[in-house]
Amino acid sequence: MDPSSVVPNFVPQIITNFYPLAIIIAILTAAIGLSGVIIERDDFQKILIIQIVTYAMLIIVAAVGTDLAEALILPGLVVSLAEILAVTEVLIFREYIKRGISYPRLKEYKPIDMEVLKTAIPMTSLLCVVYGTILTGFTGGAVAGAGILIYLFIGEPKGLSHDFWEEMSGVSGLAWCLWLLGFLLYFLNPRLWLVALFMSGGGIIVKVALKFGLLGILNREEFNK
Amino acid sequence: MISATGTLPLISFYLGLTLLLIGGLGVVFGPKTSTEPIVRIINLTVPSTGVALIFLSYNYTLAMLTFLSVNPILYIIMIRAIIRLEEMGGSIS
Amino acid sequence: MNEITNLSGPIIGHIPFIDIVLYISPFSLALVAVIAAFTAFLALSKPELRSVTRFGEDVVRTTTVERKEARFRRFMTILCGIALTGVVTTGDLFNFALFVSLTGITNMGIFAGVKDAHVLDATFHYGLVLMICSLPLFGGVAMILANTGTLSMGVLANIHTNPILNMSRTLLLIGAIGEGALAPFFATKVEMIRAKGAPYINMMHLSSLMVFTRVIEVLLILG
Amino acid sequence: MAIEFVYAAAILMIVGALGGVLQTRPIDKFLMLAVLGDGLISIVATFGYLDVAMASSFMTFVGIIIMMIGLIRVLEIRKMRGELG
Amino acid sequence: MIGRILNSLAEPRVVPKIFAFAIAIVLVFSLPLPFHLNPEQVYPKPAPQLQMELAKKNIDISYNLAPYNRGGLPVDPDNRGIVKSQYKSPYEGWITAYLTPFSQWMRDVSYHLGTTIVAHPGGILDEILYYTRGLDTILESSILFTAFTIASWVILNRTRKMTGE
């Protein structure tokens, strides 16, 4: 196996040719999104439009075309997710404060009755969780978290009370500690890199998946009252 | 080797850029978006597919996997906000 | 193994995390001292209770701050102090952007629990600015990376400037202004400062001051 | 052989994108989005990354289901509010 | 006149618009600049789809890691993967070549599972995200943690109490 054919010393020609076009389209997209932010009057819809701006940012980062760029995409993605989460909560709270508590109470919701929800959802969520466990790391956490989320969101979990999930969030805090410990071990003594790697990979999957699952249980209580 | 290596990423790259532009225009200026936030969310899937295609053309498959699996979580957050706001009575200015 | 030796001033020491290098110069040492002192002061102080009088009423009310809320805000303040320490000492450009983002989101967290429509309105718009400004921050950093091929400030200090670098530096400046809640036209900040529970909201002033100082230093280093 | 398949997928995706943006009724939009997602899956499969194709087929399904349930809830709430006042 | 402008600036809802406008101006005026990519980057990667084509033609089993094959032999510190990092470290390239038994089995079975193998412990991205640029990952996760804390605190202590649950 010739090493030079595996990893080149310079960025290949095709990626260099891609770069100007990608940047120009990203700038145009960003300009469209920003003009939408300027025009739009509704507060919530501004959040949706800003997603376009975030996509433009992802394209600008991705256009670099190295392994480093791929490693930099993941933090950008996570930052945008985190900000939209916090901002949406603040928006909902603000609307409650503004309109007061005495909005007209609506009747109880009917549970949604669709065939696909009963048959396909448990299988899909199980597959997502299994595949996410194989992946580990942040990617696996996101996949498994999406699986848990869709099950809690739609299915009818039996035997999982709210307290159980509160305890589970405590477990996620412990997992975070485990993950940090793995990192420190890695830096302090790189000879133990295997243990450190497994600690960090396992810790972050538990943390991310359980956090998303907590989000799911909050959603379920509000949807299917 | 030459043909496939050359053309496959090219097709996916140009297609992704096109989808990104179409989707951006659709999200911002598309029909009925200003009154119905859920239509805007549905339109958001078009540029996100474009971004996924661009990741694919650079062979960032892991980033693409993460991006695709973060998307449903994002939709859940947004739709929860929409339903809460609808309960309180419509749009906000 | 090459090391950072000169970044527009003498360097006392550096802490390498392989590619990410934290460094300490006399300048950043002073800033770190200020941040540590301020954060410790805020974390140890009790929340203030403010008296409110209203026109047409003969009553002076004392507002109260719940214990839970005070604890939450204290946690956010400490986190913001840690993030600011990182902003001041980091020697890697992308890391700098991430630290600035962390500062922004903790700033938002300090105000997220206030039960006041004006403050929440201002907080929400500040959050929108945070989301918009992730484009200039990360985009500017990525453009610098594409143009020079490195993210380390020690290498970037020796590279000559060109129009694209200038443009990405402008983007970086706008991004840092937005995320750090910087002064000139931040009416939002004035609204947010009307929140009760005074000592913690002072963290916002400190964070905007530090982020501004640091971003100017970074721009000077890049030039 | 494989190249022609790519062109078919590309046409599928363009049709799905244009239809998804230009349709106005949400249910029609969902159909067009399904076309778009199928194009994405087939183009990933042409690239040769079958695991990513599998995961993306899960994820597009999950996203469409979530949006559908949101739509049903929103319509329900509007109907109830119409009854109330 | 000036007073009116300043007053309109003092409203919080104007601030995001001003920022959006400023960024849009900078971006649009930079459109005619000659954007080009400097080919001397750290951590370069091979041309898209090259490794997949090689995997289809070659009998060499290590190309079944496509597109994340970065050289080196598994579990062999003397034969490391190729990593071109900024500052050299004595332990670089150790994880890149590492494969767990499960991922070895996956590599032997098929050449379509490269992404799953790399997302499993080991691989170039773990090397970058967990070793050479580890602080990035810590920060990213802390940002997510902070946002979750804010959101769940607001939900549990504010929004729920207001709806009377």
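Quick notes
Residue numbering begins at 1 within each chain, and the chains themselves are lettered A, B, C, D and E in the order written.
By our rule, a residue touches a chain if its C-beta (ideal position, glycine included) is under 8 Å from a C-beta of that chain, and two chains touch if they have at least 3 such contacts.
Everything quoted here is computed from the prediction, not taken from an experiment.
Here the largest set of C-beta contact pairs joins the chains A-E. Most remote from chain A, judged by the distance between CA-atom centroids, is C.
Inter-chain spacing, taken between the CA centroids of chain A and chain B, is 14 Å. The mean-CA centres of chain A and chain D are about 19 angstrom from one another, to the nearest whole unit.
A straight line joining the Cα centres of chain C and chain D is 40 Å long.
Chain A and chain E, compared by their mean Cα positions, are separated by 13 Å. Across the assembly, chain C contributes 17, 94, 98, 101, 105, 108-109, 112, 115, 121, 128, 132, 135, 145-146, 151 as residues in contact with two or more other chains.
Shown for chain B are the residues that touch two or more other chains, namely 4, 8-9, 23, 25, 41, 57-58, 61-62, 65, 69, 72, 76, 82-83, 87, 89. Each of the following residues of chain D touches two or more other chains: 47, 49, 52, 55, 59, 62, 66, 69, 73, 77, 81.
All chain pairs that touch, listed by label, are A-B, A-C, A-D, A-E, B-D, B-E, C-E, D-E. Chain B makes touch with chain A in their complex at residues 6, 9, 13, 17, 20-21, 23-25, 27-29, 33-34, 37, 40-41, 44, 47-48, 50-51, 54-55, 57-58, 60, 62-63, 65-67, 69-70, 72-74, 76-78, 80-85, 87-89, 91-93. Of all residues in chain C, those touching chain A in their complex are 17, 94, 98, 101, 105, 108-109, 112, 115-117, 120-121, 123-124, 127-128, 130-132, 134-135, 138-139, 142-143, 145-146, 151. Those residues of chain B lying in contact with chain E across their complex are 1, 4-5, 8-9, 57-59, 61-62, 65. Every residue of chain D that touches chain E in the complex is listed here, in rising order: 47-52. Contact residues on chain E toward chain C in their complex (touch as defined above): 9-16, 18-20, 22-23, 26-27, 30, 33-38, 40-42, 85-89, 92, 131-136, 139-140, 142-143, 146-147, 149-150, 153-154, 157-158.
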